[in-house]
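Okay, here's the structure, questions in a sec.
In order of appearance the chains are A, B, C and D, and numbering begins at 1 in each one.
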Amino acid sequence: MAAGVAEKPAMTPFPGSRQNTTQVRQKTSHARDAVLSQYGVVRQESESLCRPLATEDYCIQSMPDVSPPKWHLAHTSWFFETFLLIPFFSGYQRFHPQFEYLFNSYYEAVGAQFPRPQRGMLSRPTVEEVYRYRAHVDAAMAELIHSADEEQWEEIAGRVTLGLHHEQQHQELFLTDLKHVFSVNPLRPAYREPSAMPRQGRSVPLEWIDYPGGVVQIGHHGEGFAYDNESPRHRVYLQPYALGSRLVTNGEYLEFMEAGGYGQPEFWLSDGWRTARERRWEAPLYWEKQDGRWRHMTLSGMQPVDEHAPVCHVSFYEAHAYACWAGKRLATEAEWERAAAEQDVAGNLRESGALHPVPADMGTVPLQMFGDVWEWTQSAYAPYPGYRATPGALGEYNGKFMANQMVLRGGSFATPTAHIRATYRNFFYPRDRWQFSGFRLADDR
Amino acid sequence: MAAGVAEKPAMTPFPGSRQNTTQVRQKTSHARDAVLSQYGVVRQESESLCRPLATEDYCIQSMPDVSPPKWHLAHTSWFFETFLLIPFFSGYQRFHPQFEYLFNSYYEAVGAQFPRPQRGMLSRPTVEEVYRYRAHVDAAMAELIHSADEEQWEEIAGRVTLGLHHEQQHQELFLTDLKHVFSVNPLRPAYREPSAMPRQGRSVPLEWIDYPGGVVQIGHHGEGFAYDNESPRHRVYLQPYALGSRLVTNGEYLEFMEAGGYGQPEFWLSDGWRTARERRWEAPLYWEKQDGRWRHMTLSGMQPVDEHAPVCHVSFYEAHAYACWAGKRLATEAEWERAAAEQDVAGNLRESGALHPVPADMGTVPLQMFGDVWEWTQSAYAPYPGYRATPGALGEYNGKFMANQMVLRGGSFATPTAHIRATYRNFFYPRDRWQFSGFRLADDR
Amino acid sequence: MAAGVAEKPAMTPFPGSRQNTTQVRQKTSHARDAVLSQYGVVRQESESLCRPLATEDYCIQSMPDVSPPKWHLAHTSWFFETFLLIPFFSGYQRFHPQFEYLFNSYYEAVGAQFPRPQRGMLSRPTVEEVYRYRAHVDAAMAELIHSADEEQWEEIAGRVTLGLHHEQQHQELFLTDLKHVFSVNPLRPAYREPSAMPRQGRSVPLEWIDYPGGVVQIGHHGEGFAYDNESPRHRVYLQPYALGSRLVTNGEYLEFMEAGGYGQPEFWLSDGWRTARERRWEAPLYWEKQDGRWRHMTLSGMQPVDEHAPVCHVSFYEAHAYACWAGKRLATEAEWERAAAEQDVAGNLRESGALHPVPADMGTVPLQMFGDVWEWTQSAYAPYPGYRATPGALGEYNGKFMANQMVLRGGSFATPTAHIRATYRNFFYPRDRWQFSGFRLADDR
Amino acid sequence: MAAGVAEKPAMTPFPGSRQNTTQVRQKTSHARDAVLSQYGVVRQESESLCRPLATEDYCIQSMPDVSPPKWHLAHTSWFFETFLLIPFFSGYQRFHPQFEYLFNSYYEAVGAQFPRPQRGMLSRPTVEEVYRYRAHVDAAMAELIHSADEEQWEEIAGRVTLGLHHEQQHQELFLTDLKHVFSVNPLRPAYREPSAMPRQGRSVPLEWIDYPGGVVQIGHHGEGFAYDNESPRHRVYLQPYALGSRLVTNGEYLEFMEAGGYGQPEFWLSDGWRTARERRWEAPLYWEKQDGRWRHMTLSGMQPVDEHAPVCHVSFYEAHAYACWAGKRLATEAEWERAAAEQDVAGNLRESGALHPVPADMGTVPLQMFGDVWEWTQSAYAPYPGYRATPGALGEYNGKFMANQMVLRGGSFATPTAHIRATYRNFFYPRDRWQFSGFRLADDR
């Protein structure tokens, strides 16, 4: 694999995207319109998601991890400007000379970055200017896609695909962050009507699905787009194991809470215990007890907690503590991927419109592998054997975060179906709770 | 004095305002229209000041000390709602039940307060809703002013006057805070056109005005409005002293900087030295050296530093260090007030339209006693002999801040003329720099 | 005054000490033995105070404000080495080249200082080496005192006197700091036998002593030693006032606590309220409720709180809140000094051996002006009119601390009688509680 | 495996120790003297290591991670008291009732713990009392070992073995911590004579040792003592790889430094880059440039850096950055263990007396697998498949730390030979530098 990387032109962003775009090109042959069409759909979706916002909502950063909606809109445009228009579109005129600095998230190779915790301190550019920035980039991108030299096309198409997946990631983060922004406001605004909330239902009983041990392969292999951190595909040895047939529910998590789980150190990792005490955790993020009943913040404002729906907004530490209390454990990412690889990508993903986790329904077990909530695994985020980050700025996309974070799998109700796959590796710090994160139990066999 | 306070009805906010409104009533006799007219002028001015803002500008809090423009607009309305409409207007309907909490600044007796450092995290209420809140309050205030019972009128008129002075204070804070908000944005937006900046000029030479020692009186005495912290008027003994005939200029301050003043502990108070090192102070706030020349942020964006204009945005620590370096000292507030009491209130105040400090011109010495920049004194903010804070929430306006802060005198280019007077005591922490604060030298005689 | 300062030789540390030593020399005429004898007595006392310590006790720093006993012993020797032996004793050999750095407390003009919060991280020099350092300095000082040139003698004698007062200050701080060191140890060691604790008794009733208004003089005037911050003597105008006849007792303070004083913001300064909440203050420092009764840490370990003894280990904020709750106020330093100046220096000072505050007994009112506990005043620590700090390192002794601190008066049970006087100005931050600090009420008349 | 755990009596601390002590008992049959003898040797070694200390050295905590020598001596005794004497020795009298609290490191199941960052604030118990505590425990342990019931013997012997390995760990930590304590003292004390430092030498050239891919087994299997985190032994799949034949040297690391490695984000993990900037890392811990040459703190005080000796006191982040810069990577713990398992445990371990890393000499490659410095791996510290922490307090020994830390392998110059083995898993946070930590390069094949 490493040798293969060396042979590629320096500009290819990710192994997966190269393979993908090669295929795409073969299939679509000169049909750049298809790329442009896909570009338009994804870019438009970002703006559609913003439709319910007031101008003021675009500007708020409720904690350092959160970015204002305006920033998401601008940064995703910056991505196309920086990695496509500037290197490939000769004569491109930057929209504004300081946007390179203002909307660089973390690419050291591109240059200095405006400090992340201060993203909420920028009233300018205004929302309207950011939309003009998007239009400026979109117009130039359309021209680039149509007029690029054939020898650069493969590289360009690969980068466009990467840029669109990047934008889809930010669409999910937009919802994640906006929920946090609204949650710190005592007025508890709703992103959409409460009537849009999924109704309460029933959940199917928990069963155990057994998997035998042995050598299996995980990681991306040459069909469709993937990030570089999903490669190389490689062998791992698994002991026999079992997975829970569905996600852990709010009702089950409440049992843990009512059994005093937040006060019993024996179930917690040491760092988790300290974090939970310092931050006074007593329930998942966004939960509040009112008149003896639990309610939580949703994208439709404060709502009752549905005991049949999957628990969400728990940290890895809480997921781990619950699993210890239940006498089980979390899955490794390899255990999860092997099971997910046998399934189609379907579930409560963004296209369902639920915008909230929903109770498991009958179906192919294990249920809820895709969608609803990202599933914490017990795997630290680390390079696959043979992984080397691509040289240059795009190599910073994933590789430099391979320390101190845990892998999550499967996507959430906010993930577009086209964005998720069995090999997809998401990663957050074990203390993080503002993502749409839950978990599934696993066990030894 | 204490006995006098005891005789007043509990609701009277401040001694000064009582005397004032009594007089006003005598003069205007049933002419409540005059009060309403003044109310309309001041309230309108707050909104006029906001005219250059984009919607996004209303929401930003660039540091905990700063409040977003939207918050200033709402809080000043909250003041009238809380201290006038709710106690005096029977049947008044609150605009929103949670605004009591959201827009309470620091009045413990009113109830809990939304945490100050999070004022910038609120996208809602929107700007438009805040303007509707203002209109709602204004309509009710107009009705109250016209229809209040005669026996409550004196109290009401006193509180309206207090509320309008409160609003004028926030008009200045609005400009102070907005300048900071724009300064942290790398785009350095301008509140108004650069062409509006005062032109560079010349300054008059520094002279010394001598004052003899002896017992003098300071503090407010019964004409016009004053805050409670300006009373009681009382005797103090002053040693003979001299005041500089004008404010210290940027050019003079630059000499201190170029002589290494920021690196020489012998001129600094111990706390000031530590603060300056920790925060890496090397110049006044907002100054930046570009290509060997100093420029600074203004309400018209980045501009060259005018060496003849008064230095601004220095902390008490820096003012003190400069004075030590110059072999002089700062004035006490009594020394300053005794000199100011002999002058009319005039100078580069808000009505001048400069919105920036300007060089001293010929005139009655000492020059620049009012306007341009607030002058740090060497007096810690403390109660005058016989001062007792009024009972109730309005007693929190000034009294509870009488520790750790220093008195500033004279107003700035952002202070309305009608708001300032010789007895006026402003106060900030010795480390604060974002106010329009400068200083004048004093000496022993 | 400033002119007078300029005429003095640059080396004279403080105006007071010059006048003092002149007198001393005239009286004692060539009797340098007297100075040496006094030197020996004070230096020996520092070591006597350490007699109950284990070697380990000498090394501990329980918070940044506290210095280890070993450091006090070394720093007081450093003072003589730095300000006497090095400038005046030609051929003096430093004990160790790095002690100049290690034991410099805060004299920037001498050079860099080992960071204060790390004083407890130094196992070396050992205790035994520090005692050898003391002996080395003492031997050289004896030689200097006997052999100094006559023309330098006045300066030397003045500095010796300053050094001895400095050492006496550190003797008190040694006890203050040691109490804190022992208090954080769950074993709660005792500095001396519990049997040595003063017995519980009765307190005299609180009366009010009236003082008329008018111009009075405060500050040091040329008899005996004084620090530079006690000069110049100057006129102040006082309104009529009254002082409480004794200190506020534990029993009285308990009434405030039981009335909910720690939970009622209306009695607190804003900074005090915030501090008390952040630090969860609910009683004076060192108080603990056990089985429904209050006990507190003393130099004889944990002991019951004596309701008749003066309250100790309260911050200025707590003293202020109590006074507001009681409808009174604290005295200004001028009010206090004028009353104290009429009394002899006598009371529960170190020579009493109580090492703890004791109930007031019959006597000349106001009682307890000297000794028992330092009395918080409502006066911010500021320069007297005409004060200029002496040039050079010794000018850093007091002057650079004149911001953010409050004046305390009268000495405590740990202050040597020879060290305290009516003009003495002690100063600490309003949040500080580990000093032996209490308070007396005052009122307007 | 989980089933096997369930069959064991609840008191058995670790699987490995049970197997071990079973064997020991079979071999030594009733010869409890052997256990007691081993006990005496290890316990005595802790005290021998302290011989060069002054009393003051025993008390210092130079940062929260560091414990004072006195604490190490007491805590290791607490371990025997808590896990052996109290449960198994009826009639045992505790030495002091509060030592259970004072010297509990992190065992929540035992009870509350004195706060770790305050271990340096305890002058009492004195050093002499701690030695008496040790003697008290040793006497009781001797009696317990001789007189315990036969049916409890296996459990007791297992726990004694665990306690002795625990004590050996603390012997290494004692040296690690003491080095830090001395390093923050500007006097830079030496633990032993400089003449004892290993002489500078030459290093062998770096070669690469290739290993084929495939399924291998790692983890402890039933011979001798092991901690629970080394079990269960299990299969892992390795890709072909290569290991560097020796540790990375100071000279090689200097090349990285001189090439600007500390200033080039492309070689760093994101968290590492941020940490290195915040803490201003520019060289390994303890390195100082004097007159253009690098020197570093050693147990013999400040000494020149030997370019041929292994680099030490680098964080995982620095090791990772170096490896990226060199175009290589760190080994996984499985890759390392598979290579180490083929070797005898030998190298520059504590018995060599060097107390410092030394240049690699000729020998069986890979060299320096044991001793010199702990080797950072790229493996996050995580449970082996099938691992379950033992119930009860002893289960807290290792399991609860399995988040956010990285595995180190191979022991250091401070590790006793009897304490280290190929399966041994040490773990620290990736930012930690005060351990004796270095690294070896690995590569893909």
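By definition in this document, a contact is a pair of C-beta atoms (placed from the backbone, for glycine too) under 8 Å apart; a residue touches a chain by one contact, two chains touch by 3 or more.
Computed from a predicted model, the values in this text were never measured in an experiment.
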Query = Going by the stated contact rule, which chains contact subunit B and subunit C alike?
reply = none
Note = Taking each chain's centre as the mean of its CA atoms, the one lying farthest from the centre of subunit D is chain B
Ask   = Can you give the whole-Å distance between the Cα centres of subunit A and subunit D?
value = 38
Remark   = Distance between the CA centroids of subunit A and subunit C (whole Å) is 61
Task = Averaged over CA atoms, how far is the centre of subunit A from the centre of subunit B? Could you give it in whole Å?
result = 48
Set of subunit D residues in contact with two or more other chains = none
Query = Quick one: which chain pairs are touching?
reply = A-B, A-D, B-C, C-D
Key: Residues on subunit A engaged by subunit B in the complex (per definition of touch)   = 54-62, 70, 98, 101-102, 114, 118, 120-127, 181, 184-187, 189
Message = Under the definition above, what is the set of subunit B residues touching subunit C in their complex?
response = 1-2, 106, 108-109, 215, 234-239, 265-266, 268-273, 316-317, 320, 329, 378-380, 382-383, 385-386, 395, 400-404, 430, 444
